[in-house]
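Shared chain: chain A. Partners: chain B in the first complex, chain C in the second.
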Partner chain A sequence: MKIFVCVKHVPDTAATIKVAGDTGFEDADIKFIANPYDEFGIEEAVSIKESQGGEVVIVTVGGESAPDTIRGALAMGADRAIHVEIDSQFLDAELTAQALKAAIEADGAPELIFTGKGSVDTESFQTPYRLARLFGMPVVNEVSALEVNGGKALATRESGAGEKQVLEMALPCVVGATKGLNEPRYPKFPDIMKAKKKEIKAMGLSDLGVDESAAKVTLVKMEPVPERSQARMLEGSVDDQVTELIRVLKEDEKVLG
Partner chain B sequence: MDFDLTKEQEMIRKEVRKFALKEIDPIAGELDEKEAFSEELTQKMGEIGLFGMFVSEEYDGQGMDYISYIIAVEEIARIDGSQAATIAAGNSLGIGPIYYFGTEEQKQKYLPGLCSGEGLWGFGLTEPTAGSDAGGSKTTAVQDGDEWVINGSKIFITNAASDMTMGVTVQAITGTRDNGKPEYSCFLVESGTPGFKAVPMHNKLMWRASNTAELYFDDVRVPKENILGNKGDGFHQMLKTLDGGRLSIGAMGLGGAQGAYDLALKYAREREQFGQPISKFQAVAFKLADSAMEIECARNVLYKACWLKDQKRPFEKEAAMGKLYASEVMSRVADHAVQIHGGYGLMKEYKVERFYRDQKLLEIGEGTSEVQRIVISRYIGC
Partner chain C sequence: MTRTGILVELENGAVKETTLGVMAAAQGGEIFALVAEGDASSVKETLAQYGAATVVDIKGDVMSSPDLAAQVLCDAVSAYELGALLGTASSAGKDIFARAAALMGQPLVSDCVEVNVADKTAKKSHFSGKTVATLKVDAPVFLCTIRPNVYEASESAAAGELVEFNCESADPGLIKIVEVKTDAGGKLDLTEAPVIITGGRAIKSADNFSMLDACAEKLGAAVGASRAAVDAGYAPHSMQVGQTGKTVSPRLYIACGVSGAVQHFAGMKTSKVIVAINEDKDAPIFSKCDYGIVGDIFEVVPKLTEKL
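After this line comes the complex of A and B, so read on.
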């Protein structure tokens, strides 16, 4: 099975972001990582390859330091990669999808495409849908369990309302991965060394026929969010307060898993 | 001159850091509190390749350079001294002597199980009455036909009494040299050999989640092929092992200093007194500036020593300097870190107190700071 995994090179969520200019941030000293949701996609793709055979190709649209992230994906077991190099820190979601599609198509017919459910930097949650639309493929996002068999993908997703949906899609399709899908492996050290020898094919947007000036959404202003310091008072019985506190820590502040 | 690490070395750092944060950080405090050695965690560390890092792939090692190994120890120590001790002792003292001095049969027999992290191996050198005076050890081995008979005891031996321990290397007197001094040889003693007992040591100040043992040898008989390398090489093997081991202790000092500094900087930027973060007060800021400077210096001297070793050039003096300096830097940095935390720094909820305790071993183990100064002074011609 030929599987593509779209991986975004994003600033570490623990990094301190300093806005530079009107629409950018200082990135020279910031640690970048693979978008954590994409890592679930890499792990799933590699385990499908391990059980069913095939090939896993990483596709990244990102700046010149993106190969550092790509090497990590290769060390996890992907076979090779395509790096679409861009200069801007924020590329319009439609152009990103066009670039991913063109890069994948030029490489061969995909049987399965993984993306993360969204990226932790811009959080616009568009890539899986836009990519699926461009390909005319079915898509399910926020997939927390997946079975791929006999030309079909059975994807489980949790809806916001608390129920689980199990959706069947014909291959090829796009799967937006999220937490729960698997536990991404740590690369073994010898695999880190082997990743050095795997191919990363570099290309630009123009090689893929993507016109950067045709962006439909343009970032016009970026500003730091003023630090919030006001306290929030919880009310009700002790049980209610504790329940609410746990909810706040889990859902609002995301400090509990 | 090139101060950059390779991409692969950077990736080792990134992956080990991620592993340490995710797998070790959440449980390090509890393991320390309970004084519990975790087999599960040790095996996880083995799975990613933290054992046998500098061992070639033909013995199932990871085939990496020494600096990658040192970076890995540094990154583990940045989160937890105990786990770093398991890794450093496992590689430098457990695997190292067998890899560097063992016969082909010994390497084939023992290294794959140790490099995978399935098993651990201890290195028995220190004795109750022979610490810095390693030449004063009393354990003996006497040849009896096709066997050696070992009698004596060892103390403070890391990784030697866990359920995962497959055996120990033990240094023993095997005769007298021409100059009248004792002749030493090292022997491989497998766990379960009759007469060999390994007893875990408890109530430690530091490294509480690492496994430390007292070893007893009571007429322990091992086949003659269990002698490590050649008869009479024991003293030389021990010295060489400690030269490499010093780099890993230095890495623990460096990583521990970095960890304590990271915690102190974070705390100083968040904690407010007199209406502003305490990091804005010079009294605190200067402590952090000194810490950052000393950590930078420690890293440079230690990496240089590793680079010399990787280049197969003499590195013994720099190894002693790196070990001595990094462990003393961690002492000062951990002290500052606790001071910056104030009263909270004395509480177990805040991790700095663990760094403060774990540090002290580094000035004592694998050659005290005093011994390192002797080593350095001899190299510079005193």
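After this line comes the complex of A and C, so read on.
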């Protein structure tokens, strides 16, 4: 089976984001990683390949340091990668989806495409849907369990309030992975060494016919989230504290009926 | 005035509070409340009271398929010449809006914490809640989902004229729901709950969550868990709040025996009021919340339940 995994190169979620200017952030000292949800996709693709045979190709639309992240994905067992080179991430997910689609199509017919449920930098939660639409494929996002068999996929989707839906779709399809799908493996030293020799094919947007100037979303401003100041600590006996808490929540904050 | 469509979500036949919040965000425009489930005539009054000029009764079982629901939203945008389409960033809302945006090939801003329909700008979290980005959309339709509870319902009477919309589109049949599994006892959805009480590692066992359930019942709250509590097997992952769990934004968030790690805050920092109960007066959470009680959760929580 030919499986593609879309992996985004994003700032480490533990990193401090320092806003610079009106719309930027200082990225020089920040560690970049594979978008955490995409790792569930890589793991799932590699384990399907291990049991059913086939090939796993990583696709990343990212800047010049993206190959570091791509090597990590290759070390998890993917066979090769495509790097679509850009200067900075698109805010218009339609462009990302167009680039991913064109890169995948140029490589060959996909039987299964994995993405993460969403990216932790732009939190846009839509690329898998757009990619599926461009291909005319079915898509299920927030998938926490998957069975792929006989040209079909059974995907379990977390649909809120402790509810889960099991959805069936025909291959080829797009699966947006989330936590619960599997436990991504930690590559061992030999895997890391092997990954260094695997192919990363670089492409530009112009090779793929994607027009960056068609973006319909612009970033007007980027601001740090104001942190709360020190809490007001309630005092006295447990009884006093609780009584005062209920009073402030009802009377001052008006958040309790 | 921008003609703004709003996808109405219902619960037990009534309009969800979160939908009324989305309507508040759209005030200033001409609101078309799109009702695609339940009985539109029975919610017409409420929708009118909160600003719907038109209540669109979408016929057919369109919510049974997210692809069909998305197609119907596109159809409604053309039929009523809508300049904006807003919905709740609930699990279903996010899914349907992303499908609709993909169908239209138009931008979508998901999980907004503020929107300005007239300017087509929206604020949303970037970098797991560390920054707020203001995005401007240059497209004929302004598509957004709004984080539950960030806008409070506010009355603003309008005509609420009921019209029927007969959907001509069919489900493309790409995906089929074969089974729906529900956890015990129809719990409140965390992402939409107006009040949340969360247990951390300090809760010590799955059984002890019943202490939080009892308090939640009095508060009208949903119960959440930290990752440490989930990893220890005290609660299912569907209850996890944080970077790798749910993002929530209730009016009131009460953290019980939670230390206040950044990854936990990533999921709840936009809550309106945050209360922390922790036995360690130096716990990091006390430097990032609004009210703190230093104490044992096994004493404080039952007392709270008793006094509510």
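Following the convention adopted for this analysis, the second predicted complex is superposed on the first by the 226 of 257 C-alpha atoms of A that agree within 3 Å, B and C clash if a C-alpha of one lies under 4 Å from a C-alpha of the other, contacts with A are read in each partner's own complex, and residues count from 1 in each chain.
Please note the rule applied: a contact is a pair of C-beta atoms (placed from the backbone, for glycine too) under 8 Å apart; a residue touches a chain by one contact, two chains touch by 3 or more.
Since the structure is predicted, the reported quantities are computational estimates derived from the model, not experimental observations.
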Which of chain B and chain C A:234 touches, first, second, both or neither: second
Chain B versus chain C as contact partner of A:188, first or second or both or neither: first
First, second, both or neither for A:202, with chain B first and chain C second: neither
Partner chain(s) touched by A:106 [first = chain B, second = chain C, both, neither]: neither
Partner chain in contact with A:249 - chain B first, chain C second, else both or neither: second
Partner contacting more residues of chain A (chain B vs chain C): C
Partner chain(s) touched by A:25 [first = chain B, second = chain C, both, neither]: second
Which superposed partner A:217 touches (first chain B, second chain C, both, neither): second
Contact residues common to both interfaces of chain A (with chain B and with chain C): none
Interface residues, chain A side, partner chain B - complex: 31, 33, 68, 71-72, 75, 186-190, 192-193, 195-196
Chain C contact footprint on chain A (complex, rising order): 11, 13-14, 16-17, 19, 25, 36, 91-94, 97, 120-126, 128-130, 132-134, 137-142, 144, 154, 158-170, 179-180, 216-225, 227-228, 230-234, 238-239, 241-243, 245-246, 248-249, 253, 255-257
Complex contacts: residues of chain C adjacent to chain A: 90-92, 94-95, 98-99, 101-103, 105-111, 121, 124-139, 174-184, 186-192, 195, 219-220, 236-239, 243-245, 251-252, 262-263, 266, 269-270, 272-276, 281, 286-295, 299-300, 303-304, 307-308
Chain B - residues contacting chain A, complex: 7-8, 10-12, 14-15, 18-19, 47-50, 53, 57, 62-64, 68
